[in-house]
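Same chain, two partners: chain A is paired with chain B first, then with chain C.
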Partner chain A sequence: MLTNYIKIAWKVLLRHPFYTFITLFGISLTLTVLIVLTSLMDHLIGSHYPETNRFRTLYVERMALTNKEKTMINSGSMSFKFLTDYAKTLKTPERVTIFSGDHKSNAYVGAQKIELNSRFTDAEYWRVLNFEFIEGKPFNEQNIANGDYVAVITDGFKKQYFNNSGELVVGKRIDIENVSYTVIGVVKGSPITRMFSYSDVFFPYTNPKSNYRSMEYGGSYMAMVQAKKEADLPAINEEFQARIKRIPITNIEAGFKDGSLEVRSEPFVQYFLNVLSEGDPARVATFYAIVGFILFMLIGLPVLNLVNLNVSRILERASEIGIRKAFGAPIRTLLWQFIIENIFITFIGGAIALMLTYALIYGINASGWIAYADLSINANIFIISLLICLVFGLLSGLIPALRMSKLNIADALKA
Partner chain B sequence: MIRHLIKLIWNKKKAHSLLIAEIWASFLVLFGLCTLIVFNVRNYVQPLGFNYDNVWAINLSNNQDTTAVVEKTQQVLQRIKAYQEVESASLLSSELYPFSSSNNGTSATYKKRNTGVNFLATDENFAKTMSINTVAGRWYSRADVGGKYVPVVINRKTQEALFGNENPVGKVLADYYLKNKWIVMGVVDTYKDKGEFMQNKATLFEMTVPKSDWYKTLVIKVKPGTDAVFEANMLKAITAIVKDWNVQIVYLDAARKSKINQTLIPTLIFLIICGFLLINVALGLFGVLNVSIARRRGEIGLRRALGATESSISWQFIGEMWVLATFALVLGLLLAGQFPLLNVFDLDAGVYLVAMAVSVAVIYALVTLCAFYPGWQAAKLQPAVALHEE
Partner chain C sequence: MISLKNIEKVYRTSTIETLALTNINLYIGAGEFVSIMGPSGCGKSTLLNLMGLLDTPSAGQVEIDGQTVTQYRDKDLARLRNQKIGFIFQSFHLINDLSVLDNVEIPLLYRKGDAVGPSRRQLAQEALEKVGLSNRMKHFPGQLSGGQKQRVAIARAIVGRPSIILADEPTGNLDSAMGNEIMAILHQLNAEGSTIIMVTHDETMAKKTHRLVRLFDGSMVGDSILQTN
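This part shows the complex of A and B:
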């Protein structure tokens, strides 16, 4: 039966190339946009190189100090000491790494200026993140204790600094802000969209410019807390929050005495939403409203369009419907036939959309819009795309199918 | 004629309700897009208010070195001014150079009138370095310091908010705590430091206070043609003065480009997606009209036989679409009208009104285009052929 329906659908497609074009154009474009968006979302929040353990990691990115009267909020990253005292010593996690946010500086090679991002990290950073070392190795606890002037650089920075020469650069020296460092390792760079791993150059935190000795609570550091398995995350958060609660806020900068301190440790998706909304619930609501409206329009408009076209083309199929009805086909059978036909067409559109998406993603990755972008169509995205196709097919097929199956036998046969 | 068209449409309201819904939804999408574009264009045409050519920003951060920060910063400033490649240099609030991602806001009050302002502290050379012209009064100078009030310069937006038509020069402003603090020395036209697409906002420049370590960013104007070799030498000289500090040099034209892209790229993506959606809708409408007009051959034949001209047949179909579109647009405008009324997103009502007008025009153009070809084909029909089929 199913093959019959599909055969009929195919014949109908071939009968009017112009309408087929309109239909497939609409379907494949809509699905392309949706699949590219899915892929982008996956790029932003999924576990990808080098943050492949995101699902079992908690992010401690900022603290918020509120004064007693709740009139002032001071929010920002933390100091190295603060994180060492309250995050590094946690018992439940597998590993904790402390590292600074990225910092812009310049390097000069002859008459050329290179703008670069650098960050200071501990040795654990290289175990929490799965960087791929093209050359050399990461700096270890020994380098840090010695205060060595070493640096891990990315392949992109190597290309810029060493003028594209293919030779090995481990052991060579680089000059950044007039300080000379020895290259200890070269890693494959991370996309600019991953703010915990994106950088051109990584220094040990004992670098004199790193500010790691600061005694204040606030600073430029954050932490990633990695659990052995995802299920441990709530327990880790509990332990961390219990510690934060015990921090005395009496000996803190003026104005915030006896205030309250909030330091969240949260999984990436939650962290990401908080960044988008800046922690303001009203903004979360607006954000969802806008996204909802855009998605609604993005799907709703093409669906309406398709429904309109199919409804107005009902009479093309009138004789077929009339005959089938006259021979006793119930409404439900006809309904299913048309819905299946529609889903079949949607899947053809979906296949075209996947190809278009592939081309688009290739274009985005190659264009350098997002440095080191690695958008892809993986199994998850493929399954989500199939689901989107199914929903789209059902939505756009239901009303026309209902109208068709309800056609009067006499009218249908006469037309 | 119009009553007749409305009656024709009313008779087939069930079939037409979906079409109306589609046009309605298209209008809303267009309205969203036009609002975004109109908003950005209106911002874009306002002048920037300064010149960023050959201007560099230098950000200093002292890290753990807390001894003699002010003196060292002054030393750096003097060293930079001594270069003959540097035409002018100015010290300002940390990280608040033009096109930076930092913001600083406060509020200013004059005789019970209050406005939020972007706040920036600079020294006396800022206007010269950034080529800012005053439209009234003058930029503050070293000689203005030491009086009872701190000298400030405001932009025209601040003037409008606080003074209306009054001349602000020489007037005293109160700060956030309503304490009289500032004296207005001059007025500049605009200062859109976040780039061309930034909304023209109220701004207040304050003369830097001596002995404060808040000011660790410099802007310098260099002679045209100055290159990275000079830059590297200068950096070397700076780091010789402040050894463990971070020194970051930013070219303002590069910073401006990335600021502009932050607005331009999302708008372009939105424009492309909406463009395709509308093409989709246009094709769909065209298909629907093609089918439905082809089905009304009998009616067309009859009208032709009774003497209707070709153009009156064409116009009938276009007219029908216009009536349909008007229904949809009235519904759409009712919804879109809520945006200026409820002041959603805090935009000027004019932006919404222009966006509505543009969207309405585009929708009418779209339906006309879609109805034109099927209508024209129907009009060519020979009455004999059409009636023969019945």
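This part shows the complex of A and C:
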């Protein structure tokens, strides 16, 4: 039966090449856009190099201090000490790393100025993140305790600083902001879209410029709290929030006496949404509404067009419907026939879309628009793409199929 | 076998009502070869559609093998058509995108249980052999002559071994030699036990059947037993 349906679907495709071109063009273009968007989304929020443990990590990026009257909010990153006191000492996580946001710095090679991003981290940073070391190794607790002037650099920065030379650079010296450091390791760089791991150069937090000795609550540091497994995240969050509640806020800062302190520890997706919405639930709702609307425009409108196209295509086949009904096809079977045919056609469109997406993603990765971009079609995206194809096929096939299967047999045979 | 009681069929649009059949009472027994004649628009095809469960009457009862089918749901009507009735149409109604063999298989696709996969192929091949087209199985309808197409249509009608065959002007699109060939096949099927009801315009063809029902303006105006040689 299935072979019969697919044979027919194939013949119908060949019958009107222009119609077929329009149909497949519509399906594949829509699916390409959807799959590329899904891939971009996965690139932004999925667990990828070097943040491969995102799914079992909580992010502590920001604190917000609100005054008693709730008229002032002071928000920003935290001090190294604050995170050491309240995050580093948590009992439930597997690891906690404290590191700064990235800072703009300059380096000079002869007369050439190189603009770079640098970050101060602890030794645990290299265990929480899975950087690939091309040369050397990360700095460890001993380097940090000694206050060594060492740095881990990315392969991209190495190329820039050492003028594309292929030689090994571990042990060589680099000058950044008039301070000289020894290169201890070279890592494969992280994409610019991964804000907790993107940087050109990494220094131990004991670097004199890091301001890690500040006694304030606020500062330029953040933390990643890694659980043994994803299921432990709620317990870790609970422990962290219990600690935050106990923080005395009577003498924090002028104007904030007896105010309230909020420090979130949240999974990446939630963190990402909060960044977009600035923590406002109404904005999160708006965000979802906008995403829903875009999806509707991306899927709904082409589906409506396809429904229209399919109705006229199926009407051509009234006689076939009449024959099948006359020889015993019940409405439900015919309904399935048209849905299966439509899904088959959509899957052809989906296969074309996957090829187009692959080419597009290859182009994006190779273009350098996003530094170290590693967009991919992984198993998740492939499964999502298949589901999108299925939904697309069902939606665009159901209405024409319903309409057709209800045709009066005698009328259908006259067509 | 087929019984029509007080059948009436009215076609309605928003502005017009057309009475296609009125007060039709007809019984056709097992093994009969009946022809239905009448001028164009007299309701012959409508009557055949009602007997074939392709349409429903506006009033009256249709019985097949003693079962009143008027109130049957789509699923039950489809099953009944599939098991008991085979159709032959004037314009053949073959699916041009499918091969001859695939066309003949169609009724078996909707039959549960006994006819699956290879046995379906086997039955379709046997039906085509019966109508003398075993050498055209892989051809497509577009590659066949009118007579060959009608023979494929007959093979499709008989592949599920239905007890009733309804033929709507089966020789209407064929020349007389080809028409005679088709009539010979129908006679052979009738001799093997099939009940055949045939709508025709052609008096000569009608006279080759055992019983002639005449319609005029939606009413039955004649029902006679014929002496055939």
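The rule we apply is simple: the second predicted complex is superposed on the first by the 415 of 415 C-alpha atoms of A that agree within 3 Å, B and C clash if a C-alpha of one lies under 4 Å from a C-alpha of the other, contacts with A are read in each partner's own complex, and residues count from 1 in each chain.
By definition in this document, a residue touches a chain if its C-beta (ideal position, glycine included) is under 8 Å from a C-beta of that chain, and two chains touch if they have at least 3 such contacts.
Computed from a predicted structure; not experimentally measured.
K.L.:
Considering only the touch criterion stated at the top, classify A:180 as touching first (chain B), second (chain C), both, or neither.
P.N.:
neither
K.L.:
For A:163, decide between first (touching chain B), second (touching chain C), both and neither.
P.N.:
neither
K.L.:
Could you tell me if A:409 is touching chain B, chain C, both of them or neither one (first, second, both, neither)?
P.N.:
After superposing on A, A:409 lies in contact with chain C but is clear of chain B.
K.L.:
Of the two partners chain B and chain C, which one touches more residues belonging to chain A?
P.N.:
B
K.L.:
Should A:307 be classified as contacting the first partner (chain B), the second (chain C), both, or neither?
P.N.:
Only chain B; A:307 stays clear of chain C.
K.L.:
Does chain B (first) or chain C (second) touch A:4, or do both, or does neither?
P.N.:
second
K.L.:
Does chain B (first) or chain C (second) touch A:89, or do both, or does neither?
P.N.:
Neither partner.
K.L.:
What is the contact status of A:241 with respect to chain B (first) and chain C (second): first, second, both, or neither?
P.N.:
Neither partner.
K.L.:
Once chain A of both complexes is superposed, is A:322 in touch with chain B (first), chain C (second), both, or neither?
P.N.:
In the superposition, A:322 touches chain C alone.
K.L.:
Please name which positions on chain A make contact with chain C in the complex.
P.N.:
For chain A paired with chain C, touching residues are 1, 4, 7-8, 11-12, 15, 319-320, 322-333, 408-410, 413.
K.L.:
Could you list, by residue number, the parts of chain A that touch chain B in their complex?
P.N.:
18-19, 22, 25-26, 29-30, 33, 103-106, 108, 110-113, 115, 177-178, 208-211, 213-214, 293, 297-298, 300-302, 304-309, 311-313, 315, 369, 399
K.L.:
Quick check: in the complex, which residue numbers of chain B touch chain A?
P.N.:
The touching residues are 15, 18-19, 21-22, 25-26, 28-29, 32, 63-64, 227-229, 231-232, 235-236, 239, 244-250, 254, 265, 273, 276-277, 279-281, 283-288, 291-292, 295.
K.L.:
For the complex, give me every residue of chain C touching chain A.
P.N.:
Going by the criterion above, the answer is residues 45-46, 49, 52, 54-55, 74-75, 78-79, 81-83, 86-87, 89, 93-95, 97-98, 102, 105-107, 109-111, 156, 160.
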